[in-house]
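There are two complexes below, and they share chain A, which is joined by chain B in the first and by chain C in the second.
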Partner chain A sequence: MGQEEEKGCSENGVESKEEEQDEQENNVLRFLDSLDSYLVLMDSLSSTLRQGWMELASARHSMGASRLNSALFDLKHHNAATSLEVNHHDDTTMQQTYFNLCKWASPDTQNLCSKETKLEEGELLQRKASSPQIRHRGASRSSVTVDDQVQKERSKSLSVFGALVSPKLRGAQLSFETALETLVEIANIRSSILCTHDQVQEGMKTMT
Partner chain B sequence: MYGFEALTFNIHGGYLEAIVRGHRSGLLTAADYNNLCQCETLDDIKMHLSATEYGPYLQNEPSPLHTTTIVEKCTLKLVEDYKHMLCQATEPLATFLEYITYGHMIDNVVLIVTGTLHERDVQELLEKCHPLGMFDSIATLAVAQNMRELYRLVLVDTPLAPYFSECITSEDLDDMNIEIMRNTLYKAYLEDFYKFCQKLGGATAEIMSDLLSFEADRRAVNITINSIGTELTRDDRKKLYSSFGLLYPYGHEELAVCEDIDQVRGVMEKYPPYQSIFAKLSYGESQMLDKAFYEEEVKRLCLAFEQQFHYGVFFAYMRLREQEIRNLMWISECVAQNQKSRVHDSVVFIF
Partner chain C sequence: MANRVQIPGRNSALIAMIADEDTITGFLLAGVGNVDLRRKTNYLIVDSKTTVKQIEDTFKEFTAREDIAIVLISQYVANMIRLLVDSYNKPVPAILEIPSKDHPYDPTHDSVLSRVKYLFSAESVASERR
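Showing the complex of A and B:
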């Protein structure tokens, strides 16, 4: 009986070691996936920013330096058009930080958070490729309302340079907006990298 | 019928026409632009420009250079040429030369008023003003709260006063009102300049009519495209179009109701001079429209030098120099941002 119990215990021990190894491998894979995503996002950020700066230069060339310069920025007190929420998630193993971007969410339009605007992200990127002003027909009423509100907020932020700005400036605005979203994704990925890195290190300590 | 200018033009205008033709020969050539496009840094651009007429203006600028510095110093060359011509000019050439700067004056007024609305320091705004558009009481613009005060306190004693009759209101200044004011003033200025040139008659009237009509049409197209998707109503948009030009009045009627770039293209392609411009663009795209318009403008400005004994050469020179400065700005930005592959997106060769 004692031998059977010992055999059972050793089998359980082998199984738990295998489970630990599997978990450790999963942690390593998650870490490497996060790292890969991080590198891809950094590359994407770099090219988006380059595009944005080029579009801004193009808008300045089109509209003239007197219409597009830093002396026109509004120094009056006003609410931020975009804010960043930072949430900490504590689970049994690790603490991870999540960043959430609330775009174009002035106090009057509290419902416009990045979750809703992300639904339009694909449409917005498509729109940017053709024209910033083309409306999507057949969209649901709520997404059209959100879309209109977002467009209004965008136009309001550009109005410091005048009410009639070049489409190139609107394009630059979209590029920098995309860059901001990418930055938040990078922050989330970094948080994930740090978390999985800690898990991998924990796993290595446990196994040795 | 014109042609008798040859008998009398040189009495008062001969010296300055010779001067402006000399200045024209100093404009950068395609070879200069090719050298500039191959520069790796802004200091390389400065080195290449040292062999041109811009050399004396840039030679004392310390490194590291900024693109705005290059543009500012090159603009000083344009201002110096202009001031020399203005101080040597007799009437009516002096008035003609002054008309050329009213567009910059309008831009400066709008810059000061907009900056003041945004609670910016007046000195900071004055530094950003175009030197050709400066006038004595410009700093006083900062005290005005609405257009009536703007006119009464400051602009009544400036050349822009006659252009204010259509936009005097007691409404407080905001971004939309300022934009409408800008475009209304520019419309009134263009119409006034056009009438002045018509009164001069002869080759000046003919050449300037063509150039100013093109300017009016281009503005109509830009206003239309920039107002798509904004709160500007169709009626307000139509009010901003000038009352002359190839597009007046039927083209303006159609442009006023355009909702996207393809509709604008549909309107403009009915006019043969603009077919070639829009033929260079693909459908739904407006990125290259500015360059296409600038190329057409440069072609017309260069043609102005083919005739003698008229004032159009002065206007053409000023505009060609401004185009050259825009080219230098674009090349500098491409070099500074390490995007030399985009240089030819916006550079317009003059020769």
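Showing the complex of A and C:
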């Protein structure tokens, strides 16, 4: 009986070691995946930024250097139209930070967005119950209004450089918006790299 | 997708920038510029007249502010204050080194990759085995 118990304990010990090794391998795989994603995203960011700089240079060429420089920046009090939402995820093994980009979310757009979300939810429920040919003019009008607000915020940002701006400047604005989205993804991947790196280090310490 | 708007929650935060004029101009066009009531901005334009001390002070200020979640810094500027950037180890604000027009991104100088590259060093693996 005693021998059987010992055998059971050693088997459990071997199983838990194997589980630890599997977990460590998973941590290493996640770490390497995060590193790979980080490098791919940095490459993508580089090309997006290059495009944005080229468009800025073209805009400066057509509008003139005096119309596109830092002396025109708005130094009066104003809030950022594009901001971040930060959430922390805690569990027993890791603490990771998540960033979420909120583009062109002025207070007016926020109110319209909440109405749009409620109308979209209602629309989905109604579509399930009835014919898909029924049009919901209320919801589509609200989403058009949100788009108008976003365009208004974009125009406000461009108006710092005058009422009439080069189309290249609008192109540069879109390129830098795309770059922002990539940067937020990079920030999340960075958080994942640091978190999985700590897990791999912990695993290496326990296994030695 | 480009016009879809996210509603910022109560924990909304800013993106700060330490970079050249064109990079700052571009990101201001994208709406990240913020000026508070004391006329303090969330960006620093680095040019030939900007001193290393100014860059260091701005970096320390941005990393101490609670309303900033990401600090974008051109990698060539980060190289000027490399010790300070590499010694920074908080999760928020996240420090992201970005390329500039005249200085492409170099992964060997990236502070995040520098922190983890020792795992790939043959020496570190051999020393663990000993």
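General remarks:
Here is the rule we use: the second predicted complex is superposed on the first by the 169 of 208 C-alpha atoms of A that agree within 3 Å, B and C clash if a C-alpha of one lies under 4 Å from a C-alpha of the other, contacts with A are read in each partner's own complex, and residues count from 1 in each chain.
Note that contacts are C-beta pairs under 8 Å (C-beta built on N, C-alpha and C of every residue); 3 or more make two chains touch, one makes a residue touch a chain.
Owing to the predicted nature of the structure, the values given are computational and were not obtained by experimental measurement.
With chain A as the common reference for superposition, the partners chain B and chain C occupy compatible, non-clashing space. In the superposed model, C is the one of chain B and chain C that contacts more residues of chain A.
Once chain A of one complex is fitted onto chain A of the other, the partner contacts of A:G203 are absent, as it touches neither chain B nor chain C. Looking at the shared chain after the overlay, A:A172 reaches chain C, while chain B stays out of its contact range. In the superposed model, A:N69 lies in contact with both chain B and chain C. By the document's definition of touching, of the two partners only chain C reaches A:W104; chain B does not.
In the superposition on chain A, A:G162 contacts chain B only, with no contact to chain C. After overlaying the two complexes on the shared chain, residue contacts for A:A80 are found with chain C alone; chain B is out of touch. Of the two partner chains placed around the shared chain by superposition, chain B and chain C are both touched by A:W53.
Taking every C-alpha of chain B against every C-alpha of chain C after the fit on chain A, the minimum distance is 5 Å. Overlaid on A, the two complexes show chain B and chain C touching the same residues of chain A, namely 53, 57, 69, 73-76, 151, 160.
Contact residues of chain A toward chain C in the complex are 31, 35, 38-39, 42-43, 45-46, 49, 52-53, 56-57, 68-70, 73-87, 95, 97, 99-105, 109-110, 113-114, 146-147, 149-151, 153-154, 157-158, 160, 169, 172-177, 179-180, 183-184, 186-187, 190-191, 193-194, 197, 200, 204, 208. Interface of chain B with chain A (complex): residues 68, 71, 107-108, 110-111, 114-115, 118-120, 124-125, 127-130, 175-176, 178-180, 182-183, 222-223, 225-232, 259-261, 284-287, 290, 326, 329-330, 333-334, 337, 339, 342, 345-346. By the touch criterion given at the top, residues 50, 53-54, 57-58, 60-62, 64-67, 69, 71-76, 130-134, 151, 155, 159-160, 162-168 of chain A touch chain B in their complex. Contacts from chain C toward chain A in the complex involve residues 2-3, 5-9, 11-15, 21-37, 39, 41-42, 45, 69-70, 72, 91-92, 94, 96, 98-99, 101, 104-105, 107, 110, 112-113, 115-116, 119, 128.
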